[in-house]
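Think of it as A, B, C, D, E and F in the order they're written, each chain with its own count starting at 1.
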Amino acid sequence: MGDIEKFQQERAELNELVMKYAGLGTKRFYSLDPQAYREGALPVKTKEMLGLLASFVLRCDDCIKYHVIRCHEEGISTEEFEEALFIGLVVGGSITIPHQRRAMKAWEALQNKSADQPISP
Amino acid sequence: MGDIEKFQQERAELNELVMKYAGLGTKRFYSLDPQAYREGALPVKTKEMLGLLASFVLRCDDCIKYHVIRCHEEGISTEEFEEALFIGLVVGGSITIPHQRRAMKAWEALQNKSADQPISP
Amino acid sequence: MGDIEKFQQERAELNELVMKYAGLGTKRFYSLDPQAYREGALPVKTKEMLGLLASFVLRCDDCIKYHVIRCHEEGISTEEFEEALFIGLVVGGSITIPHQRRAMKAWEALQNKSADQPISP
Amino acid sequence: MGDIEKFQQERAELNELVMKYAGLGTKRFYSLDPQAYREGALPVKTKEMLGLLASFVLRCDDCIKYHVIRCHEEGISTEEFEEALFIGLVVGGSITIPHQRRAMKAWEALQNKSADQPISP
Amino acid sequence: MGDIEKFQQERAELNELVMKYAGLGTKRFYSLDPQAYREGALPVKTKEMLGLLASFVLRCDDCIKYHVIRCHEEGISTEEFEEALFIGLVVGGSITIPHQRRAMKAWEALQNKSADQPISP
Amino acid sequence: MGDIEKFQQERAELNELVMKYAGLGTKRFYSLDPQAYREGALPVKTKEMLGLLASFVLRCDDCIKYHVIRCHEEGISTEEFEEALFIGLVVGGSITIPHQRRAMKAWEALQNKSADQPISP
């Protein structure tokens, strides 16, 4: 199991744990969260990049990784991804560089994974 | 002179002061900054929204106001603007609400200003 | 009109503006927010102090002022208030001191206001 | 040795290292820190929740874990714990979710640990 | 009364207010704070620049202004001041730019003030 | 291979990955970064301490470790190092303590490493 799969499995397991204890308020927040990224006046792709940038400048590795995966799923190109992170780098400064490194490592893993997958007939 | 014009004039005056004292490094940073928002794989409009979101969750009123103005200049619709800020609100939490209020006040001022301007012949 | 009343009026006006533009998501967030401070396993008084501390270490003056007013309304004593802010000062460091000053100024204003009000017959 | 014990041992070892090098100022700060959580106008239980919330919205996993353990020692109920974190989630936004997951994991570990311990005769 | 004097007077007044309400803990913190900037293995001048940088990247205008004044009092040159802020700009990113502008405005005010003062006989 | 060497190797590998994908903007930022720490009106030693403090209060472990190594290379004494971190502790508060622990662990590793190295003839 690769790094991406491990991340997603652990995330799912811990989300289940949060829900086990969650009160009504926490449950509502967790259902509000995906609503922010749904198709609307802005396309999903743009919204995922906005979520990525917000996570990037706030420097949360788990949040960044989640949005890197989502951006990849939405078909964002490497050039678009890099340009988005560059904005984050300029706004957030060199303190974001370790997060940029890890974001790029996740991106690379996703590229290689895509390349490995045979085209389904 | 309206609030927006006052903001832009003060910003220009203080930028001049920064440049008066700036070393080569600071000058290079200030010329790198606009490069991040230039047309590329991503359109300027998307880049300005990314800058807005980054500024919003980092809660810098001056930076938010600057990008609100730029988003308006790039023709972002009110729906797009609101959806972008909603992502910021979910990611950044209720601590961003005072900034959302002021961002909306600036947006409203920009709308009214546009409405006031006679269509040039 | 005192500083506290001015703050509350401006807050109400801008909230109205946010709601004028708000999509369904933003509206849900704004209705989720007060839910966090409602009586539950923890009393309202404790919850307001938790909101105060969170706002204090995140250094948002408007959020701090709002919770200072709410703490006062919930009958928190000056000793309790001061002890809560001291925890914020230790956790958040001297960078919170300007916010502590302004929080204390708002507290003082609330104390004087209470003292001024005649006991209604 | 469980995760909680490992955390506490490593914390103790590194504190010793800090003290080995500490000047008078650092030593004073380290003795001021526990003073903030001592019984006063506010009970220890409330103070530990305030420390938890401050650590939660500032997103420091080690600090959160420490206060989760202390909250558990002070006999905070699961409902109280969950309500406190919900305030943190609303104030701090979805960027705190990974920390909420890990806080809940630590809470679960503490619950299981308590359940395992035989009632001393 | 200039901007610098007004800032210092307001700061002194509010500090007095904090002290009026302060418990023993808060008082100890306030006496620990100046200890951090006292002559030691590092000279006061370096320590004030360290305090300036910390305040700058944490983006607290009042704290920045305080350390700008102290740096000026310690005889830091304009070149040294600008180089220190450039490090802050690179580490903290463009989000620090509005603070850099205001820091420079305070610096300019201090330069002009020094120039105005007649050399005492 | 010790912890310091592992850190430096991983850092170098990931920097290479960032550069593989980097656009012109990102490349320029990465070349601007070392410029901030070059000899100027302020000596390199002071600049590295400024970078350390900025990283410390912004609580980025990788950035802290990098500057701890650089401070050691520039011949900063243990007393100077400890005094700098004490300023960070006071400004940034107890939330920085876990980072102070890890900074001290890295410092200790560097001291031991230096002691191990035979004096070259």
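As a convention for this text, a contact is a pair of C-beta atoms (placed from the backbone, for glycine too) under 8 Å apart; a residue touches a chain by one contact, two chains touch by 3 or more.
Fair warning: this is a prediction, and the values are worked out from it, not measured in the lab.
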* Asked: Starting at chain B, how many touch steps does it take at minimum to reach chain C?
  -> 1
* Out of curiosity, which chains are bumping into both chain D and chain F? -> A, B, C, E
* Between chain C and chain E, two touching copies, which fits better, same or different residues at the interface, with half of the numbers shared as the threshold? => different
* Asked: If contact pairs are compared by residue number, which of E-F, D-F or A-B agrees with B-C in over half of them?
  -> D-F
* Per Cα centroids, the chain farthest from chain E -> A
* **Most distant chain from chain D by Cα centroid** => B
* Any idea what the CA-fit rotation angle from chain B to chain E is, to the nearest 5 degrees? -> 120
* Starting from the mean Cα coordinates of chain A and chain D, work out the distance between those two points in Å. => 28
* Separation of mean Cα positions, chain D and chain B [Å, integer] -> 39
* If you average the Cα atoms of chain A and of chain C to get two centres, how far apart are those centres in Å? -> 33
* To do: Give the residues of chain D that touch two or more other chains, as numbers and ranges in rising order.
  => 23, 25, 29, 32-33, 36, 40, 54-55, 57-58, 63, 79, 82-83, 86, 89-92, 94-95
* Chain adjacency by touch: line, ring, star, complete or other shape? -> complete
* Asked: Considering the complex alone, what residue numbers of chain F touch chain C?
  -> 57, 89-96
* Structure fact -> Residue set of chain C touching chain E in the complex reads 59, 78-79, 82-83, 85-86, 89-90, 94-95, 97-98, 100-102, 104-105, 107-108
* Residue ranges of chain E touching chain F (in the complex, touch as defined) -> 32-33, 36-37, 40-42, 46-47, 49-51, 53-58, 63, 77, 79-80, 82-84, 86-92
* Across the complex, what residues on chain B touch chain F? -> 23-25, 28-29, 32, 35-36, 40
* Asked: What residues on chain D touch chain F, complex-wise?
  -> 11, 14-15, 17-18, 21-23, 25-26, 29, 33, 54-55, 58, 60, 62-63
